[in-house]
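By letter and in written order, the chains are A, B, C and D; residue numbering begins at 1 in each of them.
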Amino acid sequence: MSPEEIIQRRVASELRPGTLVNLGIGLPTGVAKFIQPERGILFQSENGIVGMGSRPPEGMEDEELTDAGGAFITAVPGAATVDSTLSFGLIRGGHLDVTVLGGLEVDEKGHLANWVVPGKMVPGMGGAMDLVAGARRVIIAMQHTAKGRPKIVPECTLPLTANRRVTLIVTDLAVIEPTETGLVLRERAPGVAVADIVAATSAKLTVPDHVPEMDLG
Amino acid sequence: MKQAISPQQAAEMIPDGAVLMIGGFMGVGSPHRIIDALVDAGRKDLTVIANDTGRPDYGIGRLVRANALRKVIASHIGTNPETQKGMIEGRIEVDLVPQGTLAERIRAGGYGLGGVLTRTGLNTIAAKSQRVIEIDGEDWLLASPLKADFALLHADRADFVGNLVYELTATNFNPVMATAGATVIAEPREIVPVGLISPDNVNTPGVLVNFLIRREAHHVA
Amino acid sequence: MSPEEIIQRRVASELRPGTLVNLGIGLPTGVAKFIQPERGILFQSENGIVGMGSRPPEGMEDEELTDAGGAFITAVPGAATVDSTLSFGLIRGGHLDVTVLGGLEVDEKGHLANWVVPGKMVPGMGGAMDLVAGARRVIIAMQHTAKGRPKIVPECTLPLTANRRVTLIVTDLAVIEPTETGLVLRERAPGVAVADIVAATSAKLTVPDHVPEMDLG
Amino acid sequence: MKQAISPQQAAEMIPDGAVLMIGGFMGVGSPHRIIDALVDAGRKDLTVIANDTGRPDYGIGRLVRANALRKVIASHIGTNPETQKGMIEGRIEVDLVPQGTLAERIRAGGYGLGGVLTRTGLNTIAAKSQRVIEIDGEDWLLASPLKADFALLHADRADFVGNLVYELTATNFNPVMATAGATVIAEPREIVPVGLISPDNVNTPGVLVNFLIRREAHHVA
């Protein structure tokens, strides 16, 4: 199983039936592949739809039905079009149950940095700051390290996306929960040892006596 | 998918003392069947946030007559002398808010905003006890967000996802209140199967709605 | 011609083609009778419609199509339904060209009081405060006196509706324009002498050399 | 009734240095014909308020490539390296705003509000130079209203009153920008006779719209 698939499958199992979920561009988008339709989860795309469906068959695209990355999508039965103000009203008003976002860094306070690398990459925050500030649960879905360097760090060196503690960090190695007293290692990926996770993490990790393997369904 | 429940079941969910937003403008676009069920259930000490209190024995006026209200936050009570009487006798606390400010305060509650900065009411007695914020040399009233335990809505049409469609001037406060109730209960004229409402025709996405009131039985197949 | 009709006809002639107008309940509502459809004036009713039409024929009423007074209306071709937030967005955002409202008192500063008589009548301001604060032009349409007592006074004794100077006062006796330097008598009703207007007004009135009669169309 | 004009006539109205709001999300729901006309007219020093700057040579990206922009207020420029390059080289001033805050700031401009009180961006570098207002012990960022000389919109359908109907995700910023431009020009896919759009299907009332772009001629009766 690829690192991406481990992350996506584990995040998928976090999503509760009947909830409203926003998946960030990139790795998080792929989480949808592992959600059974009968769970009644609705996906929001912040550019203006609640009830986003998968990519349409070739030749059946509509140029006015796209996701926040500009890719063609479909609308599930029961979908609703929303304009940008209502779309972010859902996000900022506490109506979005879960946002799944990628991360550049997460630190011991559970703070996320994912929108800018000063001097190098200044794409803008898009909806990320609203999503992290507003969603009920914020799940970070990312590789545990980047080019061998830990992304879970004592304190973010990059500019923060929000001053809010995220709910959960899911990587290809581990599930980590930021708590008031720091980061707690909750699960490990199949076949990965706790020591490997600790070694790949520069932040302080609280390690409970028992760290179960992820259930990847 | 949303449960379609009876007005009585809705009333049972709502305890005495609850804070309610109720859609409608002089009863047009109000959830009349839920209101009746609240009256029948003998609810007391309710706080109602609404544009007005309807007319005597009509719309929210039925709750006034039933002595169900302890407090009203509204823009206008002039069409219901019983509300005015209750206010003068001290039975009902009435907080009068300009209509546009009322709509924005509800929206601020539903959209996660810290308040509303408005010129409406500035330097009038309606602004007393409200904070004034100076921005670039101009004064603005700061009005606080409003939220409710329950938002009780009327709609023209719904599907079982909870998507709502409103009609004409029965729209009024219903869509904005849908964003600001912890529990949102909508009373549509009809409920259609999922997929029959075009995404572009949905006014309130179903994710905001918790319960639908099922229509009265006319026809059993 | 009745006092009401004088006021309504004179106000009607103030309204420019292609504008958006909000008529208050009562006397102002009657202004619509004197507007030719070809002038392309759109009437807003703040409870939620732009393009309000006249009362429908008996038996053709729709219980979901009413004005802010609860009376049955129709929709003209090209009408649009708006919810309360957009309806007041139009009013507060400067998109409403004219509001025509009744008054209890108007004073030398052009300040209006029309929403409450403390201790006697506390109906609430409804949309009046938003209309006076937000509309581009505010026209007060009212009888010049109430039970013989002037309604145009040196300073309002009743609580103000807004701290904004209204644009024009149209009564059964006169047209008066509030300016930075006070109230200016602009027109008199047919057959009414300037002295009669001054006598019925307790506020100071600036009276130009020539005060023409109203043109009532 | 609204004039239906050509994209060229629209571009002629818009002077160098104007502040424009342009609807669309990565070009979806942008008024492409007006954009092309602005490029053809050689406009300079424009300020553009929009969600993003499209892709190179697509959507607002065409204005970037034509060196027509002096300033951009947007939530995201990552899909257009040419905007980033212009920013780094100092040719384009870029003001990055969280997407939800951008939408609310435009709405505040259009709705006559004094500003937006939001938690988004609080205690981040995106909040620098923004005022913080404490309300009941909680901190809120105060973001200022945005207005424009012209709002340039895409719509699916219009009538000659100027009523606009949007479709699916081409809706995005168009309806809110319709409230905040001193002059509003809409480029609908089609314009239908007055009376063909039900009042309940109108998304933007025609009173907000000043000009419609007439469709390209396909058929002359």
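Heads up, the rule we're going with is that a residue touches a chain if its C-beta (ideal position, glycine included) is under 8 Å from a C-beta of that chain, and two chains touch if they have at least 3 such contacts.
In UniProt terms the chains read A, C = 3-oxoacid CoA-transferase subunit B; B, D = 3-oxoacid CoA-transferase subunit A.
Keep in mind it's a predicted model, so treat the numbers as computed, not measured.
Separation between the centroids of chain B and chain C, computed from CA atoms only, is 29 Å.
Chain A and chain B have CA centres that are 35 Å apart. Rounded to whole angstrom units, the spacing between the C-alpha centres of chain B and chain D is 32. Touching two or more other chains at once are residues 49, 75, 81-82, 85, 88, 92, 134 of chain A. Multi-chain contact residues of chain B (touching two or more other chains): 104, 107, 111-113, 118-119, 166-168, 199-200. Chain contacts here follow an irregular pattern that is not a line, a ring, a star or a complete set.
Contact between chains, per the stated criterion, is found for A-B, A-D, B-C, B-D, C-D. Contact residues of chain D toward chain A in the complex are 25-29, 51-52, 55, 74-79, 84, 87, 94, 96, 98-104, 107, 118-126, 156, 166-176, 203. Chain C meets chain B in the complex at residues 45-49, 62-70, 75, 81-85, 87-88, 91-92, 116, 121-130, 133-134, 159-163.
The residues of chain D lying in touch with chain C in their complex are 1, 107, 109-113, 159-161, 163, 179-180, 194-195, 197, 199-200, 202, 205-208. Residues of chain B touching chain D in their complex: 104, 108, 111-119, 133, 135, 138, 140, 142, 144, 165-168, 199-201. Within the complex, the chain C residues that touch chain D are 18, 20, 40, 42, 44, 49-51, 75, 77-82, 85-86, 88-90, 92-95, 134.
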